[in-house]
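You will see two complexes here that share subunit A, one where it goes with subunit B and one where it goes with subunit C.
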Partner chain A sequence: MDRDLKTIEVDIRGQMCPATLLVALKNINEYGGDIRKGSMKLVFKTDNRDATVTIPDSAANMGYAVNVEKTDNFYSITIGALDARE
Partner chain B sequence: MPVPTEAVSNPTLLIMIAGLVLGFAGGIIMHRSDYCVAGMFRDIFMFKNTFMLRTLLILVSVSMALFEIGRRSGALIHPFPILGPPSLASFIGGVLFGVGMVLAGGCVVGTLYKMGSGSLVSLVAFAGLIIGSGLYAEFHSLWGPFIKATTFFTGKITIPQIVGTDPAVFVVPFIMVSSFFIYKWFKAGGLERRSFVDGYIQPWKAALLLAAAGFLSYVFAGMPMGITTSYSKIAAMLEEIFAPEHVAGLAYMKAVSLNFTHPLTGEVMKGGPGPVFDAIAVIQMPVIVGIVLGSAFSAISLREFRIYTNVPQRQFIAALAGGVIMGLASRMTPGCNIWHLFGGLPILAVQSILFFAGLLPGAWLGSKMFTGMVVKTGA
Partner chain C sequence: MLESNTDNPSSEDYRRLLAENKELKEKYGNTVSYLRKKIDQLLLVMGTLPLKPEELDDSTLIELDPIGIIAGSFDQVLKHLHTTNDNLQIARDEIKAIFDSAGIGILVLDNRMRVVSYNKKQRELFKTDPEAVSGEECYKVMCGADDMPSVCTFRRVMKLKRPVHLRNWKFNGRLYDVAGTPIVDKHGEVARVVLAYMDITDRKRAEEELARVNKFEAAGIFAGGIAHDFNNLLTSILGNISLAKTLVSPKDRIAEKLNSAESASMKAKELTHKLLTVAGVTEPQKKKISVPNLIKDATVLAMSFSSAVCEYKMQDGLWTIDADEAQLRQVIHNIVVNACEAVTGNGTIKIRAENISVTDGDPLSLEAGPYVKITIEDNGSGISEENLPKIFDPYFTTKGMGSRKGRGLGLASAFSIIRSHSGSMAVSSRSGVGTVCSIYLPADAHSGEATDGQTRIAGRAIVMDDEEIVREVAGDMLSLIGLDVSFALNSDELINAYKNAAVSGRPFDIVIMDVNIPEDGGAERAISGLLAFDPAAKAVVSSGNPNDKIMVNFERYGFAGALTKPFKMSEITAIMKRLGVG
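Presenting the complex of A and B:
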């Protein structure tokens, strides 16, 4: 499962709307190839409640697997390749 | 800033408590649902997304019905105090306001609830709003005559007044048509969205609650919620500490923009942007404080209140510039988006319709500026 999956963390906590989504989209586009290959995942750390809807929606529309969870007092949005079994 | 004792009478306490409670509730609702009006307009252009805008139609339609009931009761003032006849200034103000709110990342109220939940960028936007609102006083002597010169339908405020009919002639068909669309979206699942955050309130529910809050404000304060004259007042109060003669010499600071008989108590209430504790302060300040506290309470209770300082400098600059532009625009219009969209639009005030029409190109322009200068997308 966890064969050395490269993880890139992007901390966008404190950033305003719509910078949060724009920064996320930029990163998703930049690393899209590696994410699709399954060799990498992106994690966005955000405190922006709206971004926990807009970033996963956009990523899901582009065909990525998305997971959101609350860590401490902020949200972590993980963007990865879709599980092959699904 | 002496507090005249005669100002602290019966309606004062009633209005202040109502404002604080409604503001507090509004702050919680807006924080939970992220009910961002700036985002609503921006996303039409930036992301071709109208999800939030649909809920604005719900808010406007429900408010329209409630305000019409209020008007028919005969116990309330219609159209609301402060609203004036339409002028070109309302449209120009709307355009500028649209630009400002997108750059600031929130409107005059959005800035408050975001600031309350710990956003440093919104605190900077708030400072910009105060500066812009104060700056307006410096060129009111030029803009005031422009408003007068471009006013049409003098003495008439709403479409029904201009046409000379009962408002129901417009209100009933509007609500029927909007209900059709709202029902259609509802059936198709276009009004709900998946959310992962704690304590989320779906925006359509927030729209209903905010419409109710607006109506309660109409009943208790005599008008729906508006807050921006107070931004000028705060600016004047701060300016007075450093340059009292200058403030005293500004004509705008002597203006009386509010003069009405409070429906519930029958007291005459007057106020304006000047640095005194008057009816404007009584009606608006508690709402401002309430929204900030309500949002802070909501964020703290969800354990999400944190202040992050590691934010790109460009965003602070955009927020400051956006705040200044928005502050200026809200005085030029006059009135902010909450006043016009949640208040004036539902009673078909032409001033508010022009402001709304201006917001669209303004938000478009603001979106272009944001993706060109703040976060470069290269798109």
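Presenting the complex of A and C:
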């Protein structure tokens, strides 16, 4: 079902925390309305391990569903609507 | 750096500007440093690391606007918290509704056994004021004790740290199943204990009632199995005693011994019938009965050997009941005998009879309608709480065995009889205070009576029975009262003999037949053949089981009467007289 969602990818590889977090938060703030409606999701690509904790924690506190996946040499952090969580 | 052209006023200005510039740089540095400090503070609140100066230079920092970003995020965090709080409130309301509408009592305690909360049902269980239980120890408000009791669900939950069940907990005269469940905090320690009290008193009673019915059924199979053979033996014994008595003078010592033997045999007959009654094999032979007379007759007999006093209180205009007089007499007799044995010295037995109207939804499971309620109350030793549930069990007795002691069938048969009359029976008792036994019987508005008698008879009789012993005794007895007796072993023999006798001009005046002839069709086949030949034929059906369907409804099958084995001479005489034989 997620496949039909509009997805915005933000590549923050090469950045350190907390700058990665600030960039992530800025995007979440900007697209929060659409994410909550369930019409889109945000995917952050990061190679910073701290960010795999700070971004999900903050997004969860803001009431989003978060999923972290490790691919070859980076992490994908997906932010979606809470109700759309599996 | 620029250096001085000292006398030049513009140099003065330049120096001042330099100083101002330095001051401004310092102020800017302080402001940025303040901003970094506050941003770090906010980042820490967000759960992340402080900003490193090398990561973002001052101008990028201002451009990125971290405070604006974090403020936006906080706004979302707050909105989410509000939504979560609203959802929590709904969940709390849901739990509260379930909590209060639950049919079981729920009590929540903290880990020091103090009351935290409880539901509406639980309020009924507190021994103290429900408004003042919060914060009090459970044992004070529930058990009314000063200390923790030895059997305590809370204590077990705290010790085992897992759910526990306490079954059949007696509390305030009722029975409960108690479930204790721990609520564990994040450190694995018990923070709360939830106790749920389920009242199982009514369920337990229903189970006991069912078990009792099952016992009756088991007794029925047993009793039914032996009744037939036992009664045939008794028929022979009683019949031969009756015959032997006619051979000796009533003043002879042999007659005295025969009377004793007859009396013992009659007791054996009563015992068989009691067994059949307990088993529910017997259907009551109902007729209209006046309750006061029956109660007084049965009571006087039951109290023959007692020094207790009996007080009667019969309602004027008491309704009559449709019942089996002998069975009901036995019920009253059994209960009054028990009452007499319970009272010592100058005890009092109060017997009341009154009209009552039962409405739908009666707790005794009676159908709506008019009833006569008979109450037999004594001020005797009472029945212990432990024994009370067993009093209707067959073979349960506290009287010990032996002569004039109990066999444990008195109340069991009374209960069975009342049930077979579509009535109900309840016993309440307190040890050392006394016992109240209440009987409810469906009532009627009209009444009637009946009579009995005996003489010597002349005429012809034919007896159909497959048991030689029965044929022999019945033949002797019928001969003795003056009848000319023939025999038949089965339906064919009977019908042929009856036809031949009629054709020869010496017809049979009376036919007596066993209800059940194996592999023959029995009395049912015989009577239909007989009536087909002679619709006016007088036939009496005979069986050891007075509650056999043909015995109870003999008229419907075409019989003129029914005779219960073992029979006495007086019973045969009476039925012959009633049928106008001889």
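Criterion: the second predicted complex is superposed on the first by the 81 of 86 C-alpha atoms of A that agree within 3 Å, B and C clash if a C-alpha of one lies under 4 Å from a C-alpha of the other, contacts with A are read in each partner's own complex, and residues count from 1 in each chain.
As a working rule, a residue touches a chain if its C-beta (ideal position, glycine included) is under 8 Å from a C-beta of that chain, and two chains touch if they have at least 3 such contacts.
Quick caveat: nothing in here was measured; it's all calculated off a predicted structure.
A.B. asks: Is A:32 contacted by the first partner subunit B, the second partner subunit C, both or neither?
C.D. replies: The second partner, subunit C, only.
A.B. asks: Under the stated touch criterion, name the partner, subunit B or subunit C, that contacts more residues in subunit A.
C.D. replies: Greater contact footprint in residues on subunit A: B.
A.B. asks: Figure out whether A:63 sits in contact with subunit B (first) or subunit C (second), or with both, or with neither.
C.D. replies: second
A.B. asks: Contact-wise, after the overlay, does A:74 reach subunit B, subunit C, both or neither (first, second, both, neither)?
C.D. replies: first
A.B. asks: A:19 contacts which: subunit B (first), subunit C (second), both, neither?
C.D. replies: In the superposition, A:19 touches subunit B and subunit C alike.
A.B. asks: Let me test your reading of the model: by the given contact rule, A:50 touches which partner, first (subunit B), second (subunit C), both or neither?
C.D. replies: In the superposed model, A:50 contacts both subunit B and subunit C.
A.B. asks: Just which bits of subunit A does subunit B share with subunit C as contact spots?
C.D. replies: Touching subunit B and subunit C on subunit A: residues 16-19, 21-22, 25-26, 50, 54, 57.
A.B. asks: Enumerate the contact residues on subunit A facing subunit C in the complex.
C.D. replies: It is residues 16-19, 21-22, 25-26, 28-29, 32, 50, 54, 57-58, 61-63 of subunit A that touch subunit C.
A.B. asks: Which positions of subunit B touch subunit A when the two form their complex?
C.D. replies: 31, 34, 36, 38-39, 42-43, 46-47, 105-106, 118-122, 193-198, 200, 303-312, 315, 318-319, 370-371, 374-375, 377
A.B. asks: Under the stated contact criterion, what part of subunit A meets subunit B in this complex?
C.D. replies: Subunit A residues touching subunit B: 11, 13-19, 21-23, 25-26, 47, 49-50, 52-54, 56-57, 68-70, 73-75.
A.B. asks: Over in the complex, which subunit C residues touch subunit A? Could you list them?
C.D. replies: For this pair, the touching residues of subunit C are 43, 46-52, 55-56, 64, 66, 69-70, 72-73, 76-77, 79-80, 83-84.
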